[in-house]
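Here is the structure we will look at.
Each chain carries a letter (A, B, C, D and E) given by its place in the written order, and its residues are counted from 1.
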Amino acid sequence: MPLGGMIFITIFIAVFGTALIFLARAIGGLAKRTSAAKMEIYECGIKETEKKDSKISVNFYLTAILFILFDIEIIYMYPWALNFKDFLKDGTGALVFTSMISFMVLFIFGLWWAVKSKALEWEK
Amino acid sequence: MNHQALIAILLLAPLVGFLINGFRFRSQNYIAAGSIATSALIISFICAVILFFELVGMSPESRTIKAEFFDWIAVGNFKVNAGFVVDQISSIMLLIITGVGTLIHLFSIGYMHHDKGVTKYFSYLNFFIFNMLILVLGDSLLTMFVGWEGVGLCSYLLIGFWFSDSAKAAAGMKAFITNRIGDAAFLLGLFILFMSFGTLNFHELNALAPATMEAGWMGAVTLGTLMLFIGATGKSAQIPLYVWLPDAMAGPTPVSALIHAATMVTAGVYMIIRLNPLFVSAPNTMMVIAIIGAATAVMAATIGLTQNDIKKVLAYSTVSQLGYMFLAVGVGAFGAGMMHLMTHAFFKALMFLGAGSVIHGMVDEQDIRKMGGLKKYMKITHWTFVMGWLAIIGFPLFSGFFSKDEILWNAYSSPRGHIGLWIAGVVGAMLTAFYMTRLMALTFWGKSRVDQSVHPHESSASMTIPLIILAVLAAVSGFVGVPHVISEYLGHIPNFWEHWLEPVIRKLPEVELQSVTHSVSEEWTLMGTSVVLALSSATAAFIMYTKKLGSADKVANAIKPVYDLIDNKYYVDEFYFGAIINPLIAQSKKLWYYVDVNFIDKMTYAVTDFTQNTGKLVKTLQNGNMQQYAMYISLGLVAVLSFVLMR
Amino acid sequence: MQEISLLLAVGLNHYLILSAILFTIGLSGVLLRRNLIVVMMSIELMLNAVNISFVAFSKYNYNPEGQVIVFFVMTIAAAEAAVGLAIIVSIFKRFKEVNIRFFEHLKG
Amino acid sequence: MSMDTVLFWFLSLIVIVPALAVVLLSNPVYSALSLVMTMVGVAAVFATLNAYFLAGVQLIVYTGAVMVLFVMVLMLFDLKHDLQTFSRGKVSGFLKIAGVGVMAGLLVGAISLATKKPSLIVEGSPLANELAAAAASGADNTKILAENLFLRNMLGFEILGVLLLVIAVGTVALSRSKGGTHARD
Amino acid sequence: MGNSSLEIIINLAKTVVVFLMMVQAVPILVWLERRGSAFIQNRFGPNRVGPLGLVQLLADAAKFLNKEDFVPDKGNRLLFYAAPVFALIPAAVAYMAMPMSTPLKIGDSTFLIQGYEVNVGIVFILGISAMAVYTMLMAGFGSSSKFSLMGAMRASAQVISYELALGLAIVGVIMMYGTFNLTDMVLAQQGAFHFSGFGREFSLSFLPNWGIFYQPLGAVIFFAAAFAESNRLPFDLAEGEAELVAGFHTEYGGFKMLMFFIGEYGHMMIASGLMTTFYFGGYGIPGWTIAEVYQTGVSIFGSETGGSIFSSVMHFLSYNVKFAIFLWIFIHVRWTLPRFRYDQLMDLGWKTMLPWALFNTILTATVIFLASQYVI
């Protein structure tokens, strides 16, 4: 696992990126004309009156949670997939196959339940 | 009717009477209550008579009827069962108790008819008789002790009958506590006897009594009998523990008649007579008994002189007569003691009932100075009272004369007697004659000092009949045991009393050894002197209190200091309170304060405070702060780790 | 010498010490921080520290069992984070409060 | 100074500094992102320990899923920064810090003590050699891992499947609940 | 990383070269896109600056440089700046892991024509590309405007959902080749289509032994998911111009915007690279196995190194051809398919792609299982 290369390239990119940004900042800074309106966040539509606390929509973090759970189930499939052919050669393939199939059944049931219980419903 | 059933009926009749009256104690129907109680007594009187004649029919040696109902205590080899014995002594006691008892029940129907608690009164009375019967019939000291306690309880209940009045309730309490002190000594005696003889059965104890006289004071028999005697003084009101009897007059008069004249007070004498072989083998105890008996007789008689309450006078006369009985028993004249017990029961019961009818007539007026000249109004009461008076002062041919004279003679002649004892007896007799005549004069003869609002009247028939019967008995009962000296002139009436008691009483051993035998003339001279002295003091009292009323006061002022001493009853009560009771109370108060409040309470509070504080301390741990819980976990982990590393 | 070899040769103990330090940092986070989400993160940190020691042991003792356990630990940690955050969100929705002191009211 | 040593010290730096940042920074979003950095560091450490598959899984599971949830939740709550980042309380504060300090000392002490004891597998033994050879071959030992996982720990694997399902159901129910009986929004 | 210090330097230099290659590719792609879209929409596109408008890109770059560097006042400055920088890293690091050609043997040292060779290739790439979500979240949170935050949330939710489908598709691939290592996969796809199962051998000479024929459904799912991963058109709702202005990089202008583009195109390149590696034989030339290429190279240049140079050049070319085809498909799709509505997008991800991917995995598993167990 060529960690050295990875670390080197990440550092390189980080340095490269920040250099570019500061370069742009240096060059772009010349034409700095700030005004209150300009500094404001880009808004369009009705001016926002009072800061209503953002309605925490359930869907976003629910998706994230379901993603975690299903992601882990997929991760379990990786080693199984990797050695599936070897297991078959070793003769234990049937056992491993059935165990993974049952695991997948749980996966499917979880998914089916999540879908049926409208957990993944997004407003139109 | 076999004997068992008879004794059972005899015993259970008063108990049933007690239970019936007990359950309907609220009803105020005095006739029903009275009739139930009296009929119960009549039944047991009939049984007593039948038993008596059964005994008479038996041969003298085996005159005992036994009845055992159930095993009461069976511990190891110590076995006590509810066994009852009727023999020469207890049969006489039975007759006295049931006989006099019935008469008194009859009398109290009339006397108590206006009282609200009349049924309760009759149930107590029956219960008292039941206990007295157990005391008398008991075949072992322990059964006797049951009766002993029961009687004490009933005397407390009856003395304090009108407990709403605090003085009367206090009198009841006083009687009960003094009795209890006596009972404690009685119990000690019981233990000593049991320790030394291993049994409490009368028959076995008498058989085991050692033939040789016990010399020293610390011997088992002497100590045991001494303790029993102290118990007897408690119950029969002798010198140290007599203080409760005068106060016991707070109870209704029939109660005083029954309990404080006829039955309960004689229990002590009966106990000594029952155990006479044991007492005979303890000469020192006999000597103590004689001395105390004589002293009580004289001392009580002196106090009787100054009393103005009719019942108080009679109470002190009872104490002094009991002194005589103990004197007789002390010198070994058990038969004479028994005889005086019987005669005294009759004439004292008579006088108390007479006083009761007087009080009844005078609407609860008891002060003799406010009476006088009742002869005219209460004829029957007056004449029956006269019979009683003649008997008590020892007027010849009356019952008092025979029994008292026998005692005096034995006091002088008996090997354990002594001339001093005789002199005390004679002085007592003189004083008795004086105050009894004073009583008679102040109440019946002389000018009437009754104030207008009261107009005395003769009591109803139910009260006078018993008086008459008792008057007859008081007069006649003397002839049962006529002394030999007199019997020659009276046509040789055999001394039934001695024959009757002879197999049960043990002779004094010294009698055989004694060289000197008293001549008949000696007996006559002594008898003559005592009678003359008694009659002269009676006439003196008669003159002082009927003819010249003022003279009594003059004499009183002449011997002022002595008179005050006697009037205040030798300050015995005050002494008791000052010396024993008050310090005791003070000490207990101190104890209560220091030990109870400061020590024990403090200990308990300490414990409760401890738990409370630890509770508060631990509570702070549970305050819901999750991070604190996490901290505790990590500290625990640190502790474990450090332990593992340090090890 | 001892010091230099300590620096040079990276043995099992180095990894264990690394995981110990991480664990302690995580624990201090749990104990000290007030924001519940940061507490959850510190817990994740502690779990990672444990994973490191597992893998280190598995490598130096040549036993693959260690890695399987790390696998399981990861799943459990992910599950725990998911449920924990779901709870925190539902509480935040209701009480607008993420501070850990607030949960004393749940003492009951 | 072989490559590995340098790598280890550098990686331990990458792991510990962000870990401290997680605890010390007041803005939770910053601490979340520094936790991501730590996770990546830990994945790198796994790599140095020849557990390549685990490093990948760590990257996918922790960095890719769990931390996303954390950051997303934090951003949803729009928490700028805490008023008091650290819990107050003098005594308990001191106790906590003292506790943690002593814990660290003890752990390090324990580990350094552990060096005295011989390792479980005697260096020269045949088993050690064979295993070392297998390990050193750099061949992806996922094969051994998988074998172990599916054959020997089959039960654990199935139970985890059920666990994940249960949690899916649980969290959905939890999040869809109206936040208790009287949620406001 | 090689043992001698020279090799290390060369390797590091190689990583930088690959990174720069990626960065350079972006302007070309941008140009290609603008020209392509113009060609599709029957218009000219940028042709003023330089021949066929190639220099246009340099002009844009220069323009971006002197744009004003603007930061929203309430924004979180650190995150705002970190986001674009962080956009580059995962794309570059993941891209380097893909093998572009056969290793080059010069003298005794061999050089890999790729950034570095990771033995758990796929898992590593998946892991790193999962990091892309953070750039969006950081950008969205940094500019602290509700629009950009909402945009970031939506983008990340979308990326997450499709990562599942991506993962499952890859499971099928792993099962086929029995290895995580990408180079092994490429070598496994050499020669003609041959498949042994059910006790007999199947082989079709005219078809190359590519993954597409074993995993057609997997390939389709993978490609669609790849689109979503890089927020390419049908799924680029995050910065859907119409609704949320520019999504999470609304507040960004100037060079920071450019970096985001680089990141986005980076992901596109990774996706197409993976497609070629998994399903189209990577750098292998259909009908011409690597060994044969090497032999012809040796025969032409007479020397070992010449042969390896020849083969690496030839394979590099074939890889790039496939790579370019897929890039063009990305661009082509962008200007042909309409954008999905967000809920449609998420439903597609969860309710269709994921089940199908699961079905695909199960299908492959059963086929392989039956193949080994029964003889037809």
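In this text, a contact is a pair of C-beta atoms (placed from the backbone, for glycine too) under 8 Å apart; a residue touches a chain by one contact, two chains touch by 3 or more.
A quick note: this is a predicted structure, and the numbers were derived from the prediction, not measured.
S.K.: Compute the shortest path length in steps from chain A to chain B over the network of touching chains.
M.R.: The least step count works out to 2.
S.K.: Which chains are in contact with both chain C and chain E?
M.R.: Per touch definition, common to chain C and chain E: A, D.
S.K.: Report the most central chain, judged by the distance from each chain's C-alpha mean to the global C-alpha mean.
M.R.: Centroid comparison flags C as closest.
S.K.: Among all other chains, pick the one whose mean CA position is farthest from the mean CA position of chain C.
M.R.: B
S.K.: Looking at B-C and B-D, which one has the bigger number of contacting C-beta pairs?
M.R.: B-D
S.K.: Quick check for the class: compute each chain's Cα centroid; which one is farthest from the centroid of chain E?
M.R.: B
S.K.: Would you kindly tell me how far, in whole Å, the mean C-alpha position of chain E lies from that of chain A?
M.R.: Centres of chain A and chain E (C-alpha means) sit 17 Å apart.
S.K.: How many angstrom lie between the CA centroids of chain A and chain D, rounded to a whole number?
M.R.: Computed value for the inter-centroid distance: 19 Å.
S.K.: How many Å are there between the centre of chain C and the centre of chain D, using C-alpha atoms for each centre?
M.R.: 5
S.K.: Tell me, which residues of chain C touch at least two other chains?
M.R.: Correct list: 27, 31-32, 74-75, 78-79, 81-82, 85-86, 89, 92-93, 100-101.
S.K.: List, in ascending order, every residue of chain D touching at least 2 other chains.
M.R.: Touching at least two other chains: 3, 52-53, 55, 57-58, 60-61, 64-66, 68-69, 72-73, 76-78, 87, 96, 99-100, 103, 107, 142, 145, 149, 160, 164, 167, 171, 175, 185.
S.K.: Which residue numbers or ranges of chain B touch two or more of the other chains?
M.R.: Within chain B, the residues that touch at least two other chains are 625, 627, 631, 634.
S.K.: How do the chains pair up in terms of touching? List each pair.
M.R.: A-C, A-D, A-E, B-C, B-D, C-D, D-E
S.K.: In the complex formed with chain E, which residues of chain D make contact?
M.R.: 3, 29-30, 33, 36, 40, 43, 52-53, 55-60, 63-65, 67-68, 71-72, 75-76, 78, 138, 140, 142
S.K.: In the complex of these two chains, what residues of chain D are touching chain C?
M.R.: Going by the criterion above, the answer is residues 1-2, 4-5, 8, 12, 15-16, 19-20, 22-23, 28, 31-32, 35, 38-39, 42, 45-46, 49-51, 53-54, 57-58, 61-62, 65-66, 69-70, 73-74, 76-77, 79, 82, 84-87, 93, 96-97, 99-100, 103-104, 107-108, 111-112, 114-115, 119-121, 127-128, 131-132, 134-135, 141, 144-145, 148-149, 153, 156, 160, 163-164, 167, 170-171, 174-175, 177, 179-180, 182-185.
S.K.: Enumerate the contact residues on chain C facing chain D in the complex.
M.R.: Of all residues in chain C, those touching chain D are 7-18, 20-29, 31-35, 37-38, 40-42, 44-45, 48, 51-52, 55-56, 58-62, 64-65, 67-68, 70-72, 74-79, 81-83, 85-94, 98-101.
S.K.: Would you tell me which residues of chain E are touching chain A in their complex?
M.R.: Contacts found on chain E: 1, 8, 11-12, 15-16, 19, 64-70, 72-75, 81, 84-85, 88-89, 92-93, 96, 115-120, 123-124, 143-149, 153, 157, 160-161, 163-164, 167-168, 171-172, 174-175, 178-180, 245, 250-251, 254-256, 259, 341-343, 346-347, 350-351, 354-355, 358, 361-362, 365, 368-369, 372-373.
S.K.: Can you list the residues on chain D that touch chain A in the complex?
M.R.: It is residues 3, 7, 10-11, 44, 47-48, 52-53, 55, 57, 60-61, 64-66, 68-69, 72-73, 76-78, 142-143, 145-147, 149-151, 154, 157-158, 160-162, 164-165, 167-169, 171-172, 175-176, 185 of chain D that touch chain A.
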